[in-house]
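There are structures below to look over.
In what comes next, subunit A is part of two complexes: it sits with subunit B in the first one and with subunit C in the second one.
Let's look at the complex of A and B:
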């Protein structure tokens, strides 16, 4: 985030500092429908309106956080554990296939059956 | 006038790392098992299951990146690549995105006598998806044995300019990965997979044209063929004044065509974000140095050295360097019998004929020790080159000593008509009276000559052969 800040112009208008990166975005109906499609959610019209408001409030909060100057602070992806533990390359017994397939909606032979689809690679 | 175009190709290659267990859990990676026999809560993406990274996968990935001259980053992070697909139980693939563990390398190879260097943008680690079987009634069936198997993705720079060059790059990459023991080089079983980004631009233009991505080219021949087909398709569109749409295309080897899989509108929006279940990967300098030591001399460098220092032909050097086991056999034999050209000839003709490869290993009919001993017997004049091939046929597939086989079969140069003939001629010249008697029909006198040869060769000559030789030389025909 700090890196991006440097590349964006900070303007001064009417004695007020305007940071384009800090300008709150607003969520459109299009945004909600796009996100819903990616998440495979079917939304009713009134739900779309509801999400516009909810997501707007989240962005407002992000806007609030952006007021902090984080130029000198490196981006952080994880908290708590500083370094990934590594395990030895040993094989452990697998789960019982029949027990697992019994939990699946449908099985064909030794596999999970799903509606036919095309491999996209 | 028709415009001339330059073809620009970049390959993305996925290589399966040869670990025993998966990238993030202890399920087996064994190929060809019954479906869904290598599954765990992590493989299935069950709630609460947490991934733990496989150290050996990291080591092999680092070794591969070093072999490709990449910079290794001490700290890298894993990311979630989100999409919904039946073979991806979690709804995301764990990959590396913004901060991969290695970047900025290159691969060198020969093409038509010239050395080509192609950039490697990055090498990152990721997990494989499951395998799907289609056309089972109205269903597709998912096998998750492959889900979670460790892969490296090797992203090549768009430095390739022809389909032939792309195939040569792919072969060179396969050879390197096989050499350093991280991948078995098996395209048919899918342990090495290739996608090609192909675009055209008018000759002289710097800016890249719109590219199409060709998916899953699972043989060197298909890499070349698919690119040829795609270049022809794009050329026809541009020549007709059209524009190329950025899209993902599938290659159909049976028809020699490509077709749209996804257009730009359907392009995936993967919403990458740092994988919260995996802390950053920290690669300690000690691991990097240990892996660097395991890289060793790569096939390209080895070929060049064999040609310049050992006097092999480039063709012989290529054959002997393609598989690490063959290269090892060649060098081990040389250590005991330092005649590179003879050793190279024997390996190419006799040894490779019966050799069988299994991934990174290869089974030969003889050991380097047997081969060196056999060639030593020829050089010492104990047996002829022709007899050496007979001995080879006997020792192949056994651990028997060539020397023991030679004495057991009584195979000596003296059983070789070519080497006995001068001795027989000498004896005939030295005993004109006896020779004349034989010519006059006294066949019994032949025994005298045979006896002389046996005396001179310490009884190691084959009597029947000697008898026939004298009969021929004295013009009386065989008995």
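Let's look at the complex of A and C:
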């Protein structure tokens, strides 16, 4: 299970339709721009070009999972911790407001400053 | 002089608690060693003044007759992914540093100073450890070579042209180069174990839930764990004992009692069943690494462990599964870095809220973080969720079942820690997938949430294209079996012909 064998696995995926019903996944420029917008990343043009190829190759590799039939397998979202008790609902001091705001890049009075985002026109 | 910081954690703490050595002298030695090793890039912030003040306070406490804690005066380095109140905490990212003249700055002194300490920091201080600084890392813990730090690479003390591994690269370097007797790292997919292996030190990834994550800057919340690195097994055990245990501020931290990990290091291991999965010894494994690890396993067999094969058939799906789940969680966790509450804020005129987010995140995040945020956003997006994210969660179940089945047959599992020794800086940067594939041995245990540990074996032999380099044995055990892993690792260490390891002097 080292690098060499895994690289072979990539080639096996390449050029072989693993699931005849699945659309072959190739990521387009449109896709990258769309997910960048969802992720609130404003990418430079040269970044977009690089990510298309890299993400495509990574997605092709992770397509490996389609080899496995997981129909009856439950999804695992979290490691089950043996016991996680509820804590007592007691009032305790929280962080001091000034301490929290001290490192804000911009503050207004008792809050964090954000640009106006409600169109009042 | 490095006589104090060359000692193991228990021995140093014992001398300081007994008044035979001072915490101040130990802190001075560590600060000097950090200065001498500056070229290795291990530290982002050195806390010289506060370390000396803390050390003097510990010495005064002892003079006044108070009993000191288990880490009395021991200098400890902490990965810069844990919050330290009032001290720069950067996560290795420009997004957590204040803008300089309207631009993102690669300057850790401008780092965000948190209003609180992580629970692990509180526990180290309560145990009378001395915090000497914050160590270099891959940005937000995303990387396997420390090359994704916004503040420069860290270098392997065995060969400075090579990676120390990552993402806890700086912590591994600090310990391997003898700057501190122990350090704290974090492990999401191998980020304590792999750099420990590549630098020739001991590293523990505790069971998910063993150590509180409160105050750890989140990368992938269902995988992240904090763990110690040290030059020998009992030192790592003592630090783990100090930081483990339930914390009401982390709802995923377990209430299970913390055993005496140090005492476990002297436990008899005869009769323990050690499983060896052939999936971890395939053709991609460097033959010299394989030989070194097999020697260690054979030695443990001579020491009375029962060695038998086990199967972990879904191992080869670990990389794909991890890079879906970890990036999905990261894309959500990293949404909080938006230019409003901490660190960098770039506001293009008239850009509004979206302009603030876009400009700040574009200038603040490095390429690997963007790559993972994009991938995570993609696998969670409408139309792809079932094909990728849900599928990966199902395969995660299969990987966990592999381990559950194996642990019905054996008490623990022994594997190599990484397919190769430390690779050259720059070698894998242009090919993110090749970097990901190097994590193949550490990711499955992270996905399963079980206990893991890396302990050095015989370094590979020097050859024309590379010098002698460290490698390691990975021991994996069921949840909350850290004591068992430590017992076996300490047994190996006692008979290992190459312990204690020292990098060649420069």
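For the reader, a short list of remarks on this structure follows.
Simple rule for what comes next: the second predicted complex is superposed on the first by the 90 of 121 C-alpha atoms of A that agree within 3 Å, B and C clash if a C-alpha of one lies under 4 Å from a C-alpha of the other, contacts with A are read in each partner's own complex, and residues count from 1 in each chain.
Simple rule for what comes next: a residue touches a chain if its C-beta (ideal position, glycine included) is under 8 Å from a C-beta of that chain, and two chains touch if they have at least 3 such contacts.
Worth saying up front: this structure is predicted, and the values here are computed from it rather than measured.
When the two structures are aligned on the shared chain, A:110 is found in touch with subunit B, with no touch to subunit C. Using the contact criterion defined above for the overlaid structures, shared-chain residue A:94 touches subunit B, although it does not reach subunit C. In the superposition on chain A, A:36 makes contact with subunit C only, while subunit B stays out of contact range.
By the touch criterion defined above, A:53 reaches neither subunit B nor subunit C.
Of the two partners subunit B and subunit C, it is C that touches the larger number of subunit A residues.
In the superposition on chain A, A:102 makes contact with subunit C only, not with subunit B. In the superposition on chain A, the residues of subunit A touched by subunit B in one structure and by subunit C in the other are 38, 40, 77-78, 81-85, 87, 95, 100, 106, 112-117. Here subunit A touches subunit B in the complex through residues 34, 38, 40, 77-78, 80-92, 94-95, 97, 100-101, 106, 108-121, going by the rule given at the top.
Of all residues in subunit C, those touching subunit A in their complex are 98-99, 112-116, 208-209, 222, 248, 251-256, 279-286, 314-317, 319-321, 323-324, 331, 335, 338-345, 347, 351-359, 361-362, 365, 367, 370-371, 373-375, 377-378, 381, 387-388, 390-398, 400, 419-420, 432-434, 436-438, 440-441, 448-449, 479-480. Across the complex, subunit A meets subunit C through its residues 1-7, 9-10, 22, 27, 31-32, 35-36, 38-44, 47, 50-51, 54-55, 57-59, 61-66, 68, 70, 73-79, 81-85, 87, 95-96, 99-100, 102-106, 112-117. Of all residues in subunit B, only 19-21, 26-28, 34-41, 44, 52-58, 77, 82, 84-86, 132-144, 195, 215-216, 248, 250, 261-262, 269, 271, 274, 276, 278-282 touch subunit A in the complex they form.
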